[in-house]
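Next come two complexes built around subunit A: one with subunit B, the other with subunit C.
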Partner chain A sequence: MGKPSVWSSNRFWRRSATWVTGVSAVLLILLTFDSMSQMQMGTAQDIKNKVDKRIPSPLVINYKIDYQLNRKRGHEVPIIGGMDANGNSKYEEKEKFFGRDNYSEKEARELIHLGKLTIQAKNCMDCHTLLGNGAYYAPDLTKAWLDPNWKTLAPAYGGKEYAMATFLQNPPAMAMHERKMPNLGITKQEAKAVVAYLKFMSAIDTNGFPRNFGKIKGAVDAWK
Partner chain B sequence: MHGSKLYEGQKLALKYFTVAIVLFGAQLLFGLFAAIQFLYPDFLFGVLDFSINRMVHINALVVWLLYAMIGAVYWLLPDEAGREVVGVKLGELAFYVLTAAVAVVVLVYLFIQIGPGKESTIWFITEGREYIEAPRWADIGIVVVVLIFLYNVYATVMSGRRTGILAVLMADLIALAGLYLAGMFYTDNIAVDQYWWWWVVHLWVEATWEVYVAAVGGYILIKTLNANRKVVEMWLWIEVAMMFGSGILGLGHHYFWIGTPEYWWEIGALFSALEPVPLVGLFVHVLYDWGKERGKGNKITNVPAFSWLTVETFGNFLGAGVWGFMHTLPQINLYTHGTQWPAAHGHLAFFGAYVAIMISAIYLAIQGKAGLKELKMTKAGWWAISLITVGVLLMTVSLTIAAYVQTMVERGMHGATWEGFFAAQNNEWFWQGICWRLVTGIMVIVGYGFLVYDLLTCTKKQPVKESEAEVAAAAA
Partner chain C sequence: MCIEPCTDVVCSFWSILNQGPMTLTITLHTLIVLPMIWIYFDEKKKMAQGDIPEE
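Right, the complex of A and B next:
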């Protein structure tokens, strides 16, 4: 009998396991550093300089937000404050949000903060998905701000932010489906903040998810 | 094991298993409520809304699996190390603290449910983050309890026999515990929030839990088949290399659409496509060992435990491997992300990968507690494994059909809007899938009834063994 093969040696496999795990973990940590640097929330300065951030500044609530195909990237991207000839955000066209389009950075951040806390405190994620993660009992909220359904309801409430906030404060009263959302005791201020968060979230660059949002010709209520 | 003499650590394991099985029942009950609400939205509306039932459903699942996982470690630890668990009294105290904390959390979930949009809600009511909704105070409690558990494990192994199985478990448990910390902070940035949230969820269920299962599965093979330890441990190291090698960077498949850079498409696709490979290995290994030991004329000394282990390897491969792979590539995931697809995959994967092996470990403990050399499958045990396994399989098929419809109608035809969502939910084929999910869910609950009955009675229904007859004769 010759020497036992290395392939049936526990020591060899133990070392392999340790190395593979170590290298994978180091790679993940390095990638995480890079991802985190790309995922920091934008600032007023970024808006001023027209710099696209994956997670934009909360100040985007002052702007018109759209979701359009970007030829270069091959999928839809958020368009903030109007689109230029190259299909990029212009950060120019403003849009009134609860009657104002001049929220300061501090005000906008405070709204986003309250909105996110409310979203967690009311457990939204155990019925809805946000960025596609959560439960599958109710519609995805990633681009809820841009949903054609709110556009339809907007005129009766003086703007879609008002329609959304009214809905949130007493959903059964405005039930749009047999599977209705319960009344979660959301206050007026919380509702405004949640709507701000939804508007902000619709401006997050999600690499084209969801695809063709609201744009399919022939679908009920399709835009454009 | 000699006779019915148990280590104190093993007695503690039995306590963990008992709570685990009770919480398993809670998981099924609240899953049933949620399944009914899909069909009859007014059922318990305003009392126990879907969000609450669904939260308790998945939290009970995670917590009972953790209880069973801790229990299985306390069970095998003294047996493997060849000595009593060090600091077992402290471990016992931790058990009562944890159980009291879980009870409080559940009561708050059920009776307070939600809070105002304030930090205090995050600290005392719910964090509102799927799977890890437990409020922050409970997070800190869990960390303390887990530190005690880790002390028990490390101190015992350091002063006892250090087997390969224990070496893997020691490394794995510290990673498992450490990862929980990644889910314990608040941020306004939802993309960063979900990035770290996945560190807990993915690196638990697709990395550290899988390695845990490979280690405990190895132990069960040795116990039920008398499999060769050297071979089992060699396989275990290969499994660890493959699971961590694919699972750690496989995390990338959750980073396609949450505001993360595009390079995760390639990384996530490549590594998550490799994730089924070790699961095939696990499956092949169990069947191979079974055939080999049978060939030698060896008997299976615990038929229910071995059967559940077989279900585990098959279910893990099918549920986590095949059903995971079906929607893991970004080209497909763009349309399936956030639909019933992950629900179909999740049900079979959690059952196949974790539920089945924990039931297997519990049967092993039941046998040990009664001091039986052999444990045969009873009628009730057979009904339990059949109803639960077939029930979950059919449930997965039902949800998959619903998922197809949702993907085609909501995402394909309607472009993912509110209107599209309900167009899919109202679709007859979707609705049929959801109906069958309820029917198959009831099947699983009946199976659970058989399981509880069998766990309580199976040791008393065994054919009388020679050894016992001898003992009885000697006593007389």
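Right, the complex of A and C next:
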């Protein structure tokens, strides 16, 4: 019989497996708690104190939202209410949303919530992608609010949000591509809520996702 | 600067670990691979001393 080797010893592999499983489990638990803290929605107080949160307060629908290249982070980041000299959000420049820029936190939250329920009820993810989940049969909606096509349609409808809401209520009538979106029977109030959700979603810091969105001509000023 | 500044929205211990593949690799090797090397030599020593019970 040859010299016994550690590599063929059950004890060595058992101890190693126990160690790797244990360390990985602890790491995953700690990472879960870290993710949970990052998934917390911001509050009105954060906007008042100009604190950047990955998921901002629903109040962002009262503000102008932009998407600019942040040289330090190496990708585009949402800029809420104007950009200061350091490339951070100023939370100052307001933008009318369906004629108002004074939605209370409760109103904004309820509107966004209805938008989310509508998006789930109509199964938008069957064709679209939202925050990395869904399909690529139709355009990615994560930053749809900033899509330059809406900017060109805005004047005819009295604003980007009105153009988007009109489209949602009867998409075939305003078809922009060969691959047409069907009429899903979205009501006027639901359409407004979905647009609020899209505006809110465009203000979520997604670490530059979707990639290359900022390179779409006219989308943002970042890649001029 | 040899240590990259943290570029995450909310800087934390975890965001520093995720700055790039190198920081994550160093961390996982420190936590997992180095102790395994220690386990290897510990088992080797026990074998040499004949401390391993029959299975």
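Heads up, the rule we're going with is that the second predicted complex is superposed on the first by the 191 of 224 C-alpha atoms of A that agree within 3 Å, B and C clash if a C-alpha of one lies under 4 Å from a C-alpha of the other, contacts with A are read in each partner's own complex, and residues count from 1 in each chain.
One rule holds in what follows: a residue touches a chain if its C-beta (ideal position, glycine included) is under 8 Å from a C-beta of that chain, and two chains touch if they have at least 3 such contacts.
Source: prediction; values computed, not measured.
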Once the structures are superposed on A, label A:Gly74 by its partner contacts, choosing first (subunit B), second (subunit C), both or neither. second
Looking at the overlay, what does A:Asn149 touch: subunit B (first), subunit C (second), both, or neither? first
According to the stated criteria, A:Gly185 is in contact with first (subunit B), second (subunit C), both, or neither; which is it? first
According to the stated criteria, A:Asn123 is in contact with first (subunit B), second (subunit C), both, or neither; which is it? first
In the overlay, answer first, second, both or neither for which of subunit B and subunit C A:Ala193 touches. first
One more residue to check, A:Gly87. First (subunit B), second (subunit C), both or neither? neither
Residue contacts with subunit A in the superposition, subunit B compared against subunit C: B
Does the superposition put A:Phe209 against subunit B (first), subunit C (second), both, or neither? first
Applying the document's definition of touch, where does A:Gly159 land relative to subunit B and subunit C: first, second, both, or neither? neither
Looking at the overlay, does A:Ala135 come into contact with subunit B only (first), subunit C only (second), both, or neither? first
Common ground on subunit A, meaning residues reached by subunit C in one complex and by subunit B in the other: 9-10, 16, 20, 24, 27, 31, 34, 38, 54, 205
Spell out the residues on subunit A that touch subunit B in their complex, using ranges where they run on. 8-10, 13-14, 16-17, 20-21, 24-25, 27-28, 31-32, 34-36, 38-41, 54-55, 109, 112-127, 129-140, 142-144, 147-149, 176-180, 182-185, 187, 190, 193, 201, 204-216, 219-222
Quick check on the complex: what are the subunit C residues that touch subunit A? 5, 7-10, 12, 14, 31-32, 35-36, 39-40, 43-44, 47, 52, 55
State the interface residues of subunit A toward subunit C in the complex, per the touch definition above. 4, 6, 9-12, 15-16, 19-20, 23-24, 27, 30-31, 34, 37-38, 52-54, 72-74, 205
Which positions of subunit B touch subunit A when the two form their complex? 34, 37-38, 41, 45-46, 49-52, 54-55, 113-119, 121-122, 125-130, 133, 164, 167, 186-195, 197, 230, 233-234, 237-238, 240-241, 244-245, 248-249, 251, 254-265, 267, 334-335, 337-340, 342-343, 406, 411, 413-423, 425
